[in-house]
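After this come two complexes, each holding subunit A, first together with subunit B and then together with subunit C.
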Partner chain A sequence: MKYDSQKVALYYFAGALVLFVAQILFGLVIGTIVVLPNTLSELLPFNIARMIHTNALIVWLLMGFFGASYYLIPEEAETELYSTRLAIVQFWLFLIGAAAAVVGYLFHIHEGREFLEQPLWIKLAIVVVALMFLFNITMTVLKGRKTAITNILLLGLWGIAVFFLFSLYNPANLIMDKIFWWWVVHLWVEGVWELVMASILAFLMIKLTGVDREVVEKWLYVIIGLALFSGILGTGHHYYWIGTPGYWQWIGSVFSTLEVAPFFAMVVFTFMMVWKGGRAHPNKAALLWSLGCSVFAFFGAGVWGFLHTLAPVNYITHGTQITAAHGHLAFYGAYVMINIAIMTYAMPNILKREPYNQLLNMWGFWITSSGVTFMTFALTFAGVVQSHLQRVLGMGFMEVQEQLSLFYWMRLGAGLATFIGVVLIVWSLVVPGKAKQVGRVAAQPAE
Partner chain B sequence: MSDDTENWGALSELPGNPLMWVLILSELMVFGAFFAAFSVSRVLHPAMFLADQVRLDRLVGGVNTMLLLTSGLAAALAVNARGMGDIRRCRLWLGGAALLGLGFLGVKLAEYSDKAAQGFGIETDTFWTLFYLMTGFHAAHVVLGLVIMAIVVWKPSLENVETCVSFWHMVDLIWVLLYPIVYLIR
Partner chain C sequence: MSEILTKAAARNIFYGGTAFFFIVFVGLVAHSVSTVNDMEKSNPVTPSVAAGKLVWEKHACIDCHTIMGEGAYFAPELGNVWVRYNGREDAAAARDGLKNWIKSQPSGVEGRRQMPHFEISEQELDDLVDFFKWTSEVNTQNWPPKVSG
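Coming up: the complex of A and B.
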C-alpha cells in the first residue's frame, strides 16, 4: 500500500464481510424452510428471507467492488484518492440504505420485482451513492496515471450505474418488464461485472506474479473483448420464453454459448501469469483465491451456464434446480471469489500485518469451495430429476418437490459447511494471527 | 510494428492490430455456429427448406458476391498502395472498396424489400428466421466495415489500413461461405 487514502477501502471490506455472513445465514434459513416448510412461517416467510439472501449478496459484492476500487485506483493512478471524506460518507449512506431496505422487507415493504425489490426511494438513494462513487474515482483517475486497468475498471463501474437506471423503468406490460429487467440483471453479471472482475484479477496478477504490465494488459483487452462480444447479445438466452420473437432462441443460443470464452481465457491468463511470473509473493492465500476465482468462474458461469443455455435444452430445464445450481456456483466462483481475493491481498496491507492468518484463510478457501461445490452437484442432480419428472413425464410441481427432498437435505448440509468456511475466511481476515506473527518476526534475522 | 502489436504470440505474425484478429476469430465462431445451425435445421426439415430456398434469387446473390469480392480486391490494392507509401492512392482504393460495399448493401436492401413484399418475414418459419439472421448479421458487418474504412481514410497509417482490410476480408470470407450454403446448395 503506497497511498494513505487507500485505507478507506477498509470500511467497504468490513461492511461487505458483515453482509456476507448475513447472506449465508439467510441462505441457511431458506435452505431449512425448503426441507422443513413450517420453519418461521409466521415470522419470516420464505419469499422475504430469500429476498434478503439475494439482495445481501448483490449489495456486499458491490460494496466489495467499491472497496477494491478505492484500494487499487490510487495505486494504479499513482495519486491519493480525490476525496476520502466523500468515500466515507458514501459508505454510510450505502450501508444505511441497505439496512433500511432489509428492515422494510421484514415489514413486507418491497416492490416484488425479483432482485429489484427495493422501494423506489432506495433505488434513488443507490443512484446517488453510485454517482458519489463514480465522481470520486473518476476524478482520481483524471488527475493521475491512466492504465488499462483503471480504464477498464471505470468502464465496468460506469456500466453498472448506467444499467441500474433500467431498474427505475417498470412498465405494466409483463414482457417489456422482463426485457428491461434483464438489462439490469444479465448485463450486470454477464457484462459489466466481468469487466470489473477482469481488471481486479489483472491488478492482482501484476502484484502477485510480477509479470510485466504490458503482458497483463494484452490479456485484459482480449478478455473484456470476448466478454462484451458474447455477453451483450447473450442476453438473448433470457428472451426464449417471455413472449419475445422466436429468433431470440437462435441469437441467445449462439452468443451465450460463447460466453464460456472469456472465462476460459481468464483461467489460461491466471495460470500463465503464475507460471511465467516466478515471483514467490508471500501472500500465498491471495494467489490461491485468484487462481480459484478463474477456475470456479469457468465452471460455475461457463460450464454450468452452457449446460442449460441452448434453447432446446432450456425448454426442458427452465426455472428448475439446474438454474439454482448454476446461480450458486457462478456467483461464488466469479464474484464472491474475486472479492475475497482482493480482500485477502489488500487487508493485510492496509492493517500492516505480516501475512497474517494465511493457513486459516486457505482452510476457509477449501471448506467454502467444497461446500459450494457439493451444493452445486446436489442441486444439479435435483434439477435433472426435476426436469425429467416434471417436464418430460408431466408430474405435478409439488409431487416432484417431495422426490427432491434428499437433495434439498444435502444442499442444507453443504450450506452449513459453506457457513463454517465463511466464518474461517472472515476470522482470518479480521483477527490478527498473533502467535505465528511473533514466530515469523523472530525467525527473520536468522535468514 | 508498433509497441501495441508486439509480443502477442501467434497473433504478432498477422497483419494489422492483433485485437482485430481476436474479433475476426470470434466472428468466425459465431458464423460457424450459424452455418452449423442452418445445416442441422435443414436436415431436420428438408421439405420446408427446399420450398423456401427456391424463393431466393441466386442471381442477386451472385451479383452481390461479385460486388463484395471486387471490393475486397480494391481493399487489398489499398494495402499495397499504403505499403509503397502512396497515401493518396490508398485512400482512392479504400473509397472504391467502400462504394462497392455500399452497392452490396443496396442490392441486399432491394432483396429484403422484395422478400418482405412477398410476405416472407423473419418469423415466417425456421428457414426465413435463419436467412434474415445470417444475412442480417453479415450486412451489419458490412456497415461496420464501412465505418472502419471511413475512419481509416481519415487516419491511414499502415497498421490501420491492414487492420481495416483484415476485417473487410473476413466479411468477404463469410459471404463466400454463406452464399453457397444459403442460396446455392439445394
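Coming up: the complex of A and C.
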C-alpha cells in the first residue's frame, strides 16, 4: 500500500463482510424452510427471507467492488484519492440504505420484481451513492496515470450504474418488464460485472506474480472482449420463453455457448501468469483465491451455465433447481471469490499485518468452496430429477418437490459447511495472526 | 501471442467489437419490442391486468413462485396457472378456484410449504386473476412443456 487514502477501502471491506455473513445466515433460514416448511412460516415467510438472502449478496458484492476500487485505483493512478471524505460519506449512506431496505423487508415494505425489491426511494439513493462513487474515482483517474486496468474498471463501474437505471422502468406489460429487467440482471452479471472482475484479477496478477504489465493488460483486453462479444447477445438465452420472438433461441444458444470462452481464458491467464512470473509472493492465500476464482468461475458460470443454455435443453430445465445450482456456483466462483481475493490481498496491507492468519484463511477457502460445490451438486441432481418428473412426465410441482427432499437436506448440510468456512474467512481477515509467524515471513518482499 | 497481437490492437478490437455487438443487440431488442406491441393488439393490457401485476408485485409473489420460469422455484409456476385451472374451458370456475385458493392460505398443513395470508380485496383478487389470464395468453414458444408448469 503506497497511498494513505487507500485505507478507506477498509470501511467497504468490513461492511461487505458483515453483509456476507448476513447473506449466508438468511440462506440457512430459507434452506431450512425448504426442508421444514412450517419453520417461521407466519413470522418470516420464505419470500421475505429470500429477498434478504439475494439482496444482501448483491449489496455486499457491490460494496466489495467499491472497496476494491478505492484500494487499487490510487495505486494504479499513482495519486491519492480525489476525496477520502466523500468516500466515507458514501459508505455510510450505502450501508444505512442497505440496512433500511432489510428492516423494511422484514415489515413487508418492498417492491415486487426479483432482485429489484428495493422501494423506489432506496433505488434513487443507490443512484446517488453510485454517482458519488463514480465522481470520486473518475476524478482520481483523471488526475493520475491511466492504465488499462483503471480504464476497464471505470468502464465496468459506469456500466453498472447506467444499466441499473433500467430498474426504474417498470411497464405494465409483463413481457416488456422482463425484457428490460434482464438489462439490469444479465448485462450486470454476464456483462459489466465481468469487466470489474477481470480488472481486479489483472491487478492481483501484476502484484502477486510480478509479470510485466504489458502482458497482463493485453490479456485483460482479450478476456473482456470475449466476455462482451459473447455476453451481450448471450442475453438471448433469457429471451427464449417470455413472449419474445423465436429467433432468440438461435442467437441465445450460439452466443451464450461462447460465454464459456472468457472464463476459460481467465483460467489460462491466471495459471500462465503464475507459472511465468515465478515470484514467491508471501501472501499465498491471496494467490489461492485468485486462482480459485478463475477456476470456480469457469465451472460455475461457464460449465454450469452451458449445461442448460441451449434452447432445447433449457425448454426442459428452465426455472428448475438446475438454475439454482448454476446461480450458486457462478456467483460464488466469479464474484464472491474475486472479492475475497482482493480483500485477502489488501486487508493485511492496509492493517499492516504482513503475517496474518493465512493458514486459517486457506482453510476458509477449502471449506467454503467444498460447501458450495456440494450444494451445487445436490441442486443439480435435484434439478435433473425435477426436470424429468415435472417437464417430461408432467407430474405436479408440489408432488415433485416431495421427491427432492433428500437433495434439499444435503443442500442444507452443505450450507452449514459454507457458513463455517465463511466464519473462518472473516475471522482470518479481521483478527490479527499470531506473532510467532513474524520471523518466518519478514524477509520477503513487502508488496 | 506477443507478436501477433499488440496491446493497442487488442484494445481497439475490444472497443470496436463491443460497440458492434451492442448495436446489433439494441436493434434486435427494438424489433422484439415491436412484436410485443403487435401482440398487445390481440391481448391488450387492460387496466385490471395492469392493476393485477401491481398486486403480484405488492406481495412479492415472485420470491416464492415463478412466472414464465423466472422467480424463486419454491412454489408452482403461475404463468400458465389459468390453463392449469382449466380457465380456457370454464372461466368462471377457474376464477373462483384461484381466488378461493389464495383466500384459504395458509393451509397450516404440517410438512407442507405454506403460502402466507395476504390482505387482498375482492377487486385485487379479480385483477390478479386477470393478470394470470393475460399471461397465459402470451406466446411463449410452447413453454412450459407440460401443463404442470
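Just so we're on the same page, the second predicted complex is superposed on the first by the 434 of 447 C-alpha atoms of A that agree within 3 Å, B and C clash if a C-alpha of one lies under 4 Å from a C-alpha of the other, contacts with A are read in each partner's own complex, and residues count from 1 in each chain.
Going forward, a residue touches a chain if its C-beta (ideal position, glycine included) is under 8 Å from a C-beta of that chain, and two chains touch if they have at least 3 such contacts.
Everything quoted here is computed from the prediction, not taken from an experiment.
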- Task: May I ask you to decide whether A:218 touches subunit B, subunit C, both, or neither, giving the answer as first, second, both or neither?
- Result: both
- Of the two partner chains, subunit B (first) and subunit C (second), which one does A:45 touch, if any: first, second, both, or neither? second
- Message: I'd like to know which partner A:401 touches here: subunit B for first, subunit C for second, both or neither.
- Response: second
- If you stack the two complexes on chain A, which partner ends up touching A:93: first (subunit B), second (subunit C), both, or neither? neither
- Query: In the superposed arrangement, does A:350 touch subunit B (first), subunit C (second), both or neither?
  - Reply: neither
- Partner chain(s) touched by A:257 [first = subunit B, second = subunit C, both, neither]: first
- Query: Of subunit B and subunit C, which one contacts the greater number of residues in subunit A?
  - Reply: C
- Query: In the superposed arrangement, does A:229 touch subunit B (first), subunit C (second), both or neither?
  - Reply: both
- Note on the structure: On subunit A, the footprints of subunit B and subunit C overlap at residues 214-215, 218, 221-222, 225, 229, 245-247, 251
- Complex interface listing, subunit A residues touching subunit C: 30, 33-34, 37-38, 41-42, 45-48, 50-51, 110-114, 117, 148, 170, 172-179, 214-215, 217-218, 221-222, 224-225, 228-229, 232-233, 235-236, 239-249, 251, 315-316, 318-321, 323-324, 390-398, 401
- Task: Mind listing the subunit B positions that touch subunit A in their complex?
- Result: 3, 7-8, 18-19, 22-23, 26, 29-30, 33-34, 37, 122-123, 129-130, 132-133
- Of all residues in subunit C, those that touch subunit A in their complex: 1-2, 5-7, 10-11, 13-14, 17-18, 21-22, 24-25, 28-29, 31-33, 35-36, 39-40, 45, 49-50, 53, 56-64, 66-77, 106, 110-114, 116, 131, 134-135, 138-141, 143-149
- Within their complex, state which residues of subunit A touch subunit B. 214-215, 218, 221-222, 225-226, 229-230, 245-247, 250-251, 253-255, 257-258, 261
